[in-house]
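These are the structures in question, set out in turn.
What follows is chain A paired twice: with chain B in the first complex and chain C in the second.
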Partner chain A sequence: MAGSLTTTAQHEPAAGAGRLTHAALSAAGVVVRRILLLAVLLAVVFAAVELLPGDAANATSERGESAADLAERRHLLGLDRPVLERFWDWMTGLPTGDLGTSARGESVADLLSRPFPNTLLLGGLALLLTLVASVALGCWAAAKPGGPLDRAVSASATGILALPEFVVAVALVLVFALWTDWLPAVTLTDADGSPASWEMLVLPVLALAIPQIGWNTRIVRAALADEAKAPHIETAVLDGLPRGRILTHHLLPGALPTITAGLATSTGMLLGGAVVVETIFNYPGIGSVLAGAVADRDSPVIAGVVAVTGVVITGVLLLADLVRAWASGGRA
Partner chain B sequence: MTDTTVTVAAPARHRLALRVLPALLLTALALAGPWLAPHAIDAPVTAPYAEPGGEAPFGGDQLGRDVLSRVLAGGRELVVTSLLVAVLVTAAAAVLGAVSALRPAVGRIVERAADVLMLLPAVLGILLITLSWPDGGRLAVVTASFFLGVPYAVRLVAGAAAPVAASGYVEAAAIGGERLWYLVVREVLPNLRATLLALFGLRFVAAVYLVATAGFLQVGPQPPAADWALMIRENSGGILLNPWAVLAPSIAIGLLAMSVNLAAAALVPMTGRKAVPAL
Partner chain C sequence: MNVNRRQVLWAGGGIGAAVLLAACGGGDETSSDSPAKANEKPRRGGTLRVGALGRASAITRDPHGTQANESDYLIISLVHDTLTVPGTKPNTVPRLAASWKASDDLKTWTFTLAKGAKFHDGTPVTAEDVVWSLKRLRNTPSGASRLPGIKPENIKAEGDDTVVLVSDYANAELPQLTRLTTFVLKKDTAEKDLGKAPGTGPFKLDWFRSGNARLVRNEDWYGGEVYLDAIEVKIFESPQAMANALLAGQIDVASNVGAVAARTAEKRGDIQIVRRPNDMAMPIVMRTTDGPFADAKVREALRLAVDREAMVKQVLSGYGTVANDILGTGDPAYAKDIPQRKRDLAKAKQLLKEADFDLSKTYKLLTTEDIPGLAEAATLFASQVREAGVKVEVVKQESATFWEKTWLKGDLYTTYWGTNDSVVFFASKTLVSDSGQNEAGWKNAEFDAAYKKAMATKDAAARAKILRELQQIEYDASGYLLWGMADGIDLAGAAVRNLPTLPGYGRVQLETAWLAR
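So, the complex of A and B:
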């Protein structure tokens, strides 16, 4: 990440060695800060699982199991060790890829290793679609501020952004799978556990992306409106530059940091929503693992999923930091 | 101070009422629904997944229970839980936000808490808490929604309270030796009524999303309770036989979420409309 920052600095002839070190240092500071935040989250997750009543041995106990059996399982799962020792194991195990042990005694990392890439594919495609659709809709609406199109786009965006993903999914399944039979309602998988064809991905990606498109369209539209008030835009308009050129060369670059921040916020919503959408379409991601965890009240599994998701979101936020640094650096 | 936001011209107020009315009507209908249900919600009236007609205008569900009655009865818990979460979050955020604006050290802690929470998707957060607390029931859902919502809400209130906290009369009161709680309750919060009302609306929307999703993931209300989200999950297997068993509760949740969000967006004070809408 320091590398990309230095390349930007090289574009400017005035940039000296001092500036390069400064950029590298501030980039390192951002990385350290993001990693610290992630560590705090992991500590909070451990504390939540620990402090709330009920533990993994209790959750999977069969009816009529004796207290001795329960103590035996607690011992097997290592739950009888001191809290601080277990906390240390949890925090130090994570960087090495050890996510702990599920209530059934399986390694959480093994449980997630096959489905998690499928969830990332689903979330990544949904994020891409959200980016393209919301920028296009936002620009389209901003072309004639206050016009009927602008009002229609803004009102529909506000309407759909609050819809739970499963409601959108039900509507999509009814229309595109059951009534018109254009797309499959259920995801079939290959032998290696990934979706069998691209058609299987269309409806899940749409169900995930539609509420986020609503949210981000509003952000793009508002960021463009803020940017249009800037004096250099007014000058560009008075100079008679073509509208399209003003949009791509002046408005969008200025609005970029806000748009990126909005998309970064959506990453969490998309990964959370994926759990729900995967359940509906029987998609082979972490949603199916979590459905099992819900039935077993298996808290170590959800803690592991939260840890991995936290890492992914931290990565996306770092990318957003980078884009912001690049955008503001280009302007300075 | 508040006059500019409270006194709205008559046509604008009329428009505002029109935008808020659908949300109020739907909420009232969901609350009164259980009394309007024509049949018992837990006894079969038709064959499983019977098509609409006769006794049951929306047909039957997977056990042959009347879909219309269950839809009428299935919104109250969602709405009550969401309203409770929205009230708690708004009240906590009002106090903490005003304190953050007056005491920057508290504000920084809240900022960091919100930064950490960004790494935890709300859906996973609610699963984490409800699975770690198996006997928590509705209290676990409320607790999870509360803690997942407060940091963002505090950030919003602190932003709106900052100019008020910096105004002359608050500074004068602070120098005059007034206590912190007096400044918060008597000087800052009364000037944030419009912001707090909008915040309440937005938190209600967020709570409906989270509570409904928890219901769908089967960590909220348990069968045989009538609950919109749970109905969608339970009846999805028979979607071809009687689509209404899934469609009716979906429409109910969709309309509730959309109308409340449009109402909340209309309530956001004009001066507070930032580039990034706060939810």
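So, the complex of A and C:
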């Protein structure tokens, strides 16, 4: 099915009104391929958990349970069935929204129902902040290439992107929570499972976004520099167009595909970084669910987390592809 | 990969924060004494915010399930009552069971329920409810290890307020088994209602969400006056985040937060450090059946080669006590009069020589990073016994690998136990020849006989005497090297009063706590 769609897409004339249809069709092809990829990834998750030493029955038992007790627990959890069968059962439940049951008997969909939106909120805010800050800083630096400001921004961006999230996070907690008492040190949740106040989001969002801002600022800066070498920009400069207009109407649109690709990459990094940042700030997201589930060898929970994050990353990458296709349409 | 990253994070983040805080702590060297005064009158009211460790993926609401999360266990034990609870002296005290007595053969135990005990919905607790709950517990996969020797059909109600348990064998300490997990629910509570089923405990569940909960006072509790209006339980995945929350004033109690946090808090005058002695045993296990440590002289030599004071000071940051190779240090029956084993390198070398121990070989000591200090203890031990000429290489194993491949099988490994208030507990679980978790593969007929005799002795004084003999044998010959006991450490804000100081699960008894504000 993926094959037929892409083939159709390739035969579509890539001009005029056909451009949109082309984009939509290739997008459909991409979606199908990514869904298949996700399914493969989930199979890998099940296989990988299988390869780890110990199993969920072991991990959730109490010390001193006899071999017979363990066998009973294994049977209760269905671990005595072949991994393929368990994987198939789990996959066939997916379309109905059934993510299975954790090794401790809780519904995985319930386990993720509050943490997942919380992580999306955290990641979304961090991505937004990354976008705004990196474009602003990149443009600012590119305004006078080689000037002191450019060098300062580029150097600090490099420095920042080399900082791991946990270093940033620990430093933020020390300075803004424990020394100055301006912001809460950790996130506490209220009765509906979401952060009890907006202030609790500030430090986790910063901790996640800062390294990504460093990375993306460099990308924006480099993309703008590349674009500035293009003949039409030189013409625009020689024509005496105002610098601001050249930036917003010529440079940025030209650099957009690269910038989008950079941000799309950051989505994966943000969700990965969330595991670390959520732990430090006790943020009630899926990062902590995932970390615990791996320790418990709890395949349905791990696969559930991978599935929902996989869908989000796929969606963002697709969006990025569309933006790039649209922005570079005429030239690519 | 995630697990590795998390471990790095814990280590890095923890050390980073501790060093920085220590650096900015200034000259205030006085550790914070408890501001609580003995003559203060308890005040009624207030909400206590308690942080407890737990992972969102491991949440369990079933009172008879395996609660890996301290947060879950805390919530369950405040809402539901067990028949008995841990105490100091004696170490088993009444709760839902007001009293108990044994038959002469110590096999049949009769528990009488507390007068006026009611569920949160107002219905009185009956023996039928208790029997249903105990049977449900016994029929879980962990049931056989939680109520050893008691078959489900031997749990019976007699009238409205009496429950009879019949053990397969004489068991003088049977009430101890009913302390930690015998949570009582209403008969025929449906599986899907377990999370919100009414309990009989000092607090009622207001709400539960993703591991966090709010509990409100049970005005009708039969167990005495409860001072706090409410307790809010907050789940924390990392002790570091929990300590930060306490230091920033977001919570009032950080339960079981550990020695690293205590060291940080020492610099602050407004934080109470609650030490609960005898909380965690981290013994080194030497295999007795075969292998290089099968000779009792070799084991004795290693026990003499270890520098216990240094271990407590360095591994536990001083938050602990030196131990004497006998497990169950918190027990009133613990033999304090057996002389403390001290470091004696000359004698250790002598014993190794007598045993013809091969000093040219390097021996592997297997350990994990399951709990703080465990791997550090192994490393320090290795460097200490080197001074007696024994070469030990520490090998850290991933937790699951360790429990599957090394535990109960290895020649030399570290283990840990969080339940330390009873000599009999360890005797039955890890020391008797046929015990299920005989970690050192120890078989000692004399010890087995002493254990059987103690369990069949009704007279308390006579039993204490036999338990003393039992501990002497353990001290002389077992496969354990118990160098020290780690304190359990809670941190609390200045206004918190009357927190429990019992080791292990005793930390959840918050019904007597109150707030001076």
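By our rule, the second predicted complex is superposed on the first by the 292 of 332 C-alpha atoms of A that agree within 3 Å, B and C clash if a C-alpha of one lies under 4 Å from a C-alpha of the other, contacts with A are read in each partner's own complex, and residues count from 1 in each chain.
Simple rule for what comes next: a contact is a pair of C-beta atoms (placed from the backbone, for glycine too) under 8 Å apart; a residue touches a chain by one contact, two chains touch by 3 or more.
Computed from a predicted model, the values in this text were never measured in an experiment.
Undergrad: Clash or fit: how do chain B and chain C relate after the overlay on chain A?
TA: Aligned through their shared chain, the two binders clash on chain A.
Undergrad: Mind working out whether A:Leu52 is in touch with chain B, chain C, both or neither, as first, second, both or neither?
TA: Touch status of A:Leu52: both partners.
Undergrad: Touch check for A:Phe281: first (chain B), second (chain C), both, or neither?
TA: It touches chain C, and chain B stays clear.
Undergrad: With both complexes overlaid on chain A, does A:Pro204 touch chain B (first), chain C (second), both or neither?
TA: Neither partner.
Undergrad: Check whether A:Gly268 is in contact with chain B, with chain C, with both or with neither, and answer first, second, both or neither.
TA: first
Undergrad: Touching A:Val167 in the superposition: chain B (first), chain C (second), both, neither?
TA: Both partners, chain B and chain C.
Undergrad: With the two complexes superposed on chain A, say which partner A:Gly138 touches: chain B (first), chain C (second), both, or neither.
TA: neither
Undergrad: Regarding the shared-chain residue A:Pro195, is it in contact with chain B (first), chain C (second), both, or neither?
TA: Neither partner.
Undergrad: One more residue to check, A:Pro257. First (chain B), second (chain C), both or neither?
TA: Touch status of A:Pro257: no partner.
Undergrad: Mind working out whether A:Val44 is in touch with chain B, chain C, both or neither, as first, second, both or neither?
TA: First partner only, chain B.
Undergrad: Give the stretch of chain B that clashes with chain C in the superposition, choosing among 7-15, 25-33, 43-51 or 151-159.
TA: Here chain B runs into chain C along 43-51, and the other listed stretches stay clear.
Undergrad: Taking the two structures together, which residues of chain A meet both chain B and chain C?
TA: Shared contact residues on chain A (touching chain B in one complex, chain C in the other): 52-54, 58-59, 166-167, 170, 173-174, 178, 275-276, 279-280, 290-291, 293-294, 297-298.
Undergrad: Taking the touch rule as given, give the residues of chain C at its contact with chain A in the complex, in rising order.
TA: Of all residues in chain C, those touching chain A are 2-3, 5-6, 9, 12-13, 16-17, 20-21, 24, 55-62, 65-66, 68, 141-142, 144-146, 207, 209-210, 212, 214, 234, 236-238, 240-242, 244-245, 247-248, 250-251, 398-401, 403-405, 429, 436-437.
Undergrad: Of all residues in chain A, which touch chain C in the complex?
TA: 52-54, 58-66, 69-70, 72-73, 76, 102, 104-106, 111, 114-115, 166-167, 169-170, 173-174, 177-179, 181, 184-186, 188-189, 191-193, 275-276, 278-282, 284, 288-298, 301
Undergrad: Residues of chain A touching chain B in their complex?
TA: By the definition above, chain A touches chain B via 37-38, 40-41, 44-45, 48-49, 52-54, 58-59, 155, 158-167, 170-171, 173-174, 178, 215, 218-219, 222-223, 225-226, 258, 261-262, 265, 268-269, 271-273, 275-276, 279-280, 290-291, 293-294, 297-299, 302-303, 305-306, 309-310, 313-314, 317.
Undergrad: Give every residue of chain B touching chain A within the complex, in rising order.
TA: It comes out as residues 112, 115-116, 118-125, 127-129, 131-136, 140, 205-206, 208-209, 212-213, 216-219, 229, 232, 236, 239-240, 243, 246-247, 250, 253-254, 257-258, 260-262, 265, 273-277, 279.
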